[in-house]
């Protein structure tokens, strides 16, 4: 099995049942998730051997996060224990024209205050084939940025392929801060995933005038940006998902990849959404699986889109589908007929 | 904060979980609601100062209804305590072509047997700016009609603006009974809300031949009726919602207002319904907020329609949205993208 | 009340709550159901007098299955007690492009190992007017086939009308096995329900080249097959449902009947699905009700389609609607407006 | 199977989950129960053939009550349909020194407004062996008293044994009203169940100075009263349960019977209470079973006490135990060891 | 109604359902509570007019805390809005010999970072009769200590009676830190509540050698300490609860008060525990009610003990009982018989 | 970390919520457990490195069982995949004098039909220190017995310490069958756990006349049997738990060990039971931990008894406690005071 390393924060997600508003909730559903952890769970379901690198407090809440990862087959040997708290995000799942709402309470989490000494990156990347990170970890603060850079250098020492999901989070840093940190890390990246907002805020590439809240997508603007990203940073692949947000209940979903020579746009799915959170992470997970197991980047993109379309029908942050299920969908059976 | 008075019945709603039929239910979800109480909750969420006038038994079920109102910021100082019972309605939430079903068990409730002496209307309307009632309270019986009339007279003594939601309920009275009582009360009303069924059954205005079960709406018929209503009763505004009932799961939703000079028809929303009950009440709440805080009646209508569209996505009788959320929707963001 | 006999297996359905995947489930919803039992529940709701014939173990799980049937008015006097276990099927309800998944664990159930001596068919069919069975019981094994044949012979002795739902189950037998058993039983059948897959696998009639996973329906192919089925077996009616599986969340739903002279295709419903399981059984239940209470086979078909459309909005295996509710729908009110 | 008739009110019980107070409840657990209906369910579980006589509204809530009874094997053919509503009682389950609280909302129920014409008592008592009623039905109002008397006369015409559970309810009538009605009915009674409060309030027999809230029991006082009851009314058996209420969580539980010659006091159980409601009804059910199937009145008493001790461990109003389970307990196995 | 002011932190309590361990929880029950807020809810239930002073973030979680307080009748006009987060505590409810476990995540909460400018204490204490605080608020940090001192000075300016619950929290500060701050505040206190651990850690009074984990209580040691506390700080009353912790499921519960002349020890209750959290707060609430409404300090103590005994049977942090319910208990009815 | 191997069946436990009877259940709580798997989970919680050996079907239910084990840190690399089904046991949790009831549906499970080729025992026992099995696996049938013997031989080849929990299951085999198989396996066993029923049924040692349903324990009888067991089979330790079953809610709990020279009886705990299932397994887990990490067999016994006492307070089959929690209990803190 291929050893894949992901690194980042795993948070406690507290979501109201059904479509309840926060003020109605007498209970919260408990999920442990985070961008990089969600990717790790995806990969475990596909039969790869993911290792998640993070730091969690030495208390039962931290342990519960670890148990969540172990349950789905993610190796947690490299999770440092200590620090103050597990970061939290509160989630209220919208419907129709009411958007889902996220309230973050992630400051002072163990991983955001972790230090280099918490991790032995040479051990971590020994025999690894792939490293995935996101723009969230460097945004957690100076420590996060340092750790990410150290991880990337170690990954390169061990000839590990590197992917990033730019994932701009406006509550964590400004575009100026983001660009200052992130542009310096791009030299280590082979596969760059990011939509136009990410490209602009994190890397400074102005898209065109497309406005994502309108549900319109401008492929041409993407092509232009992707070329410039490739030229500037030498990525092997530049990739983005294309979400058409009709409402909180219905989205169109497809993706675009550029290998430096060719643009390939995937099939599009119209999705009735069960749980939209983690949609992008499941895309990254599918893409990594596809690119790590074959040279067919178009198939990798279709796999990633199909996998993440399925994620939208699954409760929780993590995608819980098998390779066979994704393949059946992308081969054409989207009829939803009962599988007896 | 503006003191707004609403008066009516608050009932115990016992609804089956999810889309269960009554015979399947092993539990009922507990909500306390009623037309005028729901309006009060809306207004509290918008930062106004609503007072709810009613009567509830002096037992823990009555107390629970009061606590529900207090939780959302409604003042309950004018709720008389005593009488026999809290009225009940059982609700089964439909889906697709299966309609929601309501079984009423509201006879003999405390408010339906309340007497004039239960309320000190001069205290109630002191410093008040608005009074809202519906056609349900007079329909509860002779006492209800008397109390409503006394309230209306007191409201006028205190120069309070009055709105009514005609809300015809065929299980409570006949059109003949309704017209006999309600036409006499219209002289006190400034803002009249009612659809064509209400106009016909409660006030005796024959619409045209539009048939609401067909999901067709005939704006022209409304315009004719509205003019006649305005002429007959001297309303400042005549207003109706325009519901296109595609199915129990999907509705089109818009509204029409007439200020005696001009008709204005709102934007229309296509809604995936979570809970349709209280949709009309949330419209009234939004309209009162709009008209009580600005002279822009078109904006008030858009606010009311946007607010009530959002209500359809919220479990329970009451609308639980802020002014900011409604404004964001009516400014154009119906994409349902996650608010992080 | 008309005595109607159905015979078959009632299983314990263990379904994950909401749209959870199996690996997420901390609890299973408990439903007792099976093709023929579901038909019996439908008929009880329509005011007929259904008797369910089966075998269940003499333990509390078997008793729970009986209690489920009794609750809805099905007579269980002819359920033999004994044997090893209640058969189980695990269900995961899909959404959008993710299909529902069924995992069967039904081998060694009491009914699959029942013997002729468990049933007194002359008592069972005394005063009965109708007998309904499906292709599942003979597929349970040699005993099942023998019992079915004995039941059919007894039914004919008592001049009972017989209907079958072919219901091919590929996990229970091969087409060869199915055809060997089932073609011999068709001589006793008056009303044959089956879609093109059933016709081919169970009776050996090659449809055309229609592919049900594409959501396309080929009425002409059906007409051809129906004629041949009628000719070969002398059925009074040949019937099929026509499901257009847009996704796990949305289906088109209609049906086709052939009385040897005329083809009649029903109205089509577009359904938002709550629970698709038992859709076919509720169709059979509606059809039997229609044909057993009137000669108007077209109305019977519309009743069956309307009834089963409603079933898709009801949680569980069984349809829980009244004649009045079905009639209201097929008379044209599919607006889903609240019934107060 | 022995046909046993019980007659009375079946109510909707709305109980808060766990030990929640009413003001905390976001849902109510739904149970249908009532003194006489609970007895019927007990008897069905013991293999007798109970018929429940009552009246329920022709709506889905009334139907749900019927389905509850059918589920457990009670025949509902004699339940008239019509009237206004299903009576309700709200229940909050106490713990430790906090008592359970019941809020009644039963006025105007269908059975309380039923008339003689709703029931054909000669059909009802044809082939019946036993009739059980309680002091609650006559307390529902004049109609209830008339119907009860008519039933008793018919029962006697058909040589049916009659038992009564005196069951004084202070919210329904005063001792004066109770005595006026009930003493006249005692001539039809063979088996009289009632504790000292019942004996005093319903029949006018002053016990001694025992105070049931102190948890003390005075057997001697009971013996004196029983003798006088027997002398006055000619009962075959006089019976009472002996509850020692240590707290809402723990009770001592035994019983006393008098056959005119001999007093017999049962074994006592110390019970950890799960649900105390229906404890007395399950005692009556056990006693009827015992006396109807054997002449050993001491065993009948032990059976009744054991059965009702078990009831206290079962959620809901009704006792759900088999004869074998009761026998095992009264034979001495109260160890609670797992039955594998 | 008497205006009573309490000030402190209200936290989000996330507790596992039933007796689940943290690693088992798929959901958390949501309760908002804290020592001083719990006292306020008690007082509202007793008909007084409590105002809660605190700071909460301007987000939906902060709003939910406010709604919780309003629901139970607590005035929230003096709750400042702003800051970073709502403090959290995770709770796992033990059973038998397994203790309940609390994991705190309360650092950086809005109230812990509040400043003097957030509160207008002269407005707050205008017309107030009582002020209650605990040793927790000063322990939150330097700001907490300053705010508490300012509040106490203002309270004294307005002739408000002051009570304190010493409530030592070892995770918030050391005994040295506690004593340094708290001894300076005692001059403003009239009623001091604290057990021997509090007296030692917070005020420096060494009790004797009693060891609370042994479930033994040494009244004599208490008497000695109370006398010294009274002498040192001039308290009007010194009070402590006396908990005998037999297990996580069963506790003995009583209290001791000293008015400078006389010691009075209350009746003792043996409690089956439903939810032990907030037991001490409910005692303080009962004591304040008793002392604020009468001069009978012995009755006040009995009221406080009875009230808090009842709290142990109620889910959540807050006590939800009425004066009548407490009085019934302390008058002697602890039998737990159903209140119909 | 010490590698510990356990082998056996892991079943799907379907338990009714709370204390519901089977016929009441609308849902089942889902737990995966079995004697040997439960031991493995215990050991993982204590920081050892347990491997579970079994066979599970290659379907989502089998996968769910694996995920359960992984979640708690059990290595599942040696679980073969294939076969027909996951065995099931239905559980109804009793209370007071009502015993818990188990209905087994475990025939034809994958492990019961596994063959020698499914396991590579030399790989499995490489570097292992301990092997634990129970009398259940050999009872599953001829295959189970063969596989157990092969495992034992391999264990001995690898110098692995072996423990057995005799665990007689009367539904799986007769005493004759048990003795025939089990006595032959005892030569490989170092530590033998079994109560008097096991000793008699599995090994043929007649105890005295103690009757476990009476809650009486006869230590002397045990001593005699233990000596004979030691003599016959050369065990290093013979151990039994001593359960005093006061009721389904309350048990006394202690244990006895014999090392060939000395008998040691542990401290006794009186337990309020939350979930009694797995109590014996948690004892075995505690004992193995104790004996594998120290020579102090008395401490090992106290650890085992304390650990398993705690298990009785935890929902599910598996014990979820840490070494620190067990040590705190056995050091004397059974007060259940809140751990803040």
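A few points about this structure:
Read from first to last, the chains carry the letters A, B, C, D, E and F; within each, the first residue is number 1.
Convention: contacts are C-beta pairs under 8 Å (C-beta built on N, C-alpha and C of every residue); 3 or more make two chains touch, one makes a residue touch a chain.
Since this is a predicted model, take the numbers as computed values, not measurements.
Touching subunit E and subunit F together: A, D.
Counting only chains that touch, the fewest steps needed to get from subunit A to subunit E is 1. Common neighbours of subunit C and subunit D, by the contact definition above: B, F.
With centres taken as mean Cα positions, subunit F sits 44 Å from subunit D.
Subunit B and subunit F have Cα centroids separated by 62 Å. Residues of subunit D found to touch two or more other chains are 21, 23, 26, 67, 72, 101. Judged by the touch criterion defined above, the protein chains form a pattern that is neither an open path, a ring nor a star, and not fully connected either. Chain pairs recorded as touching, per the definition above, are A-B, A-C, A-E, A-F, B-C, B-D, B-E, C-D, C-F, D-E, D-F, E-F.
Here subunit B touches subunit C in the complex through residues 18-21, 23-24, 94-102, 104, 169-171, 212-215, 245-250, 276-277, going by the rule given at the top.
Residues of subunit F touching subunit E in their complex: 71-72, 269, 271-274, 309-310, 312-316, 320-321, 325, 329, 332-340. Residues of subunit B touching subunit E in their complex: 67-68, 70-73.
On the subunit A side of its complex with subunit E, the touching residues are 14, 17, 21-23, 25-30, 59-61, 63-64, 67, 84-86, 88, 90, 92, 101, 103, 105, 107-108.
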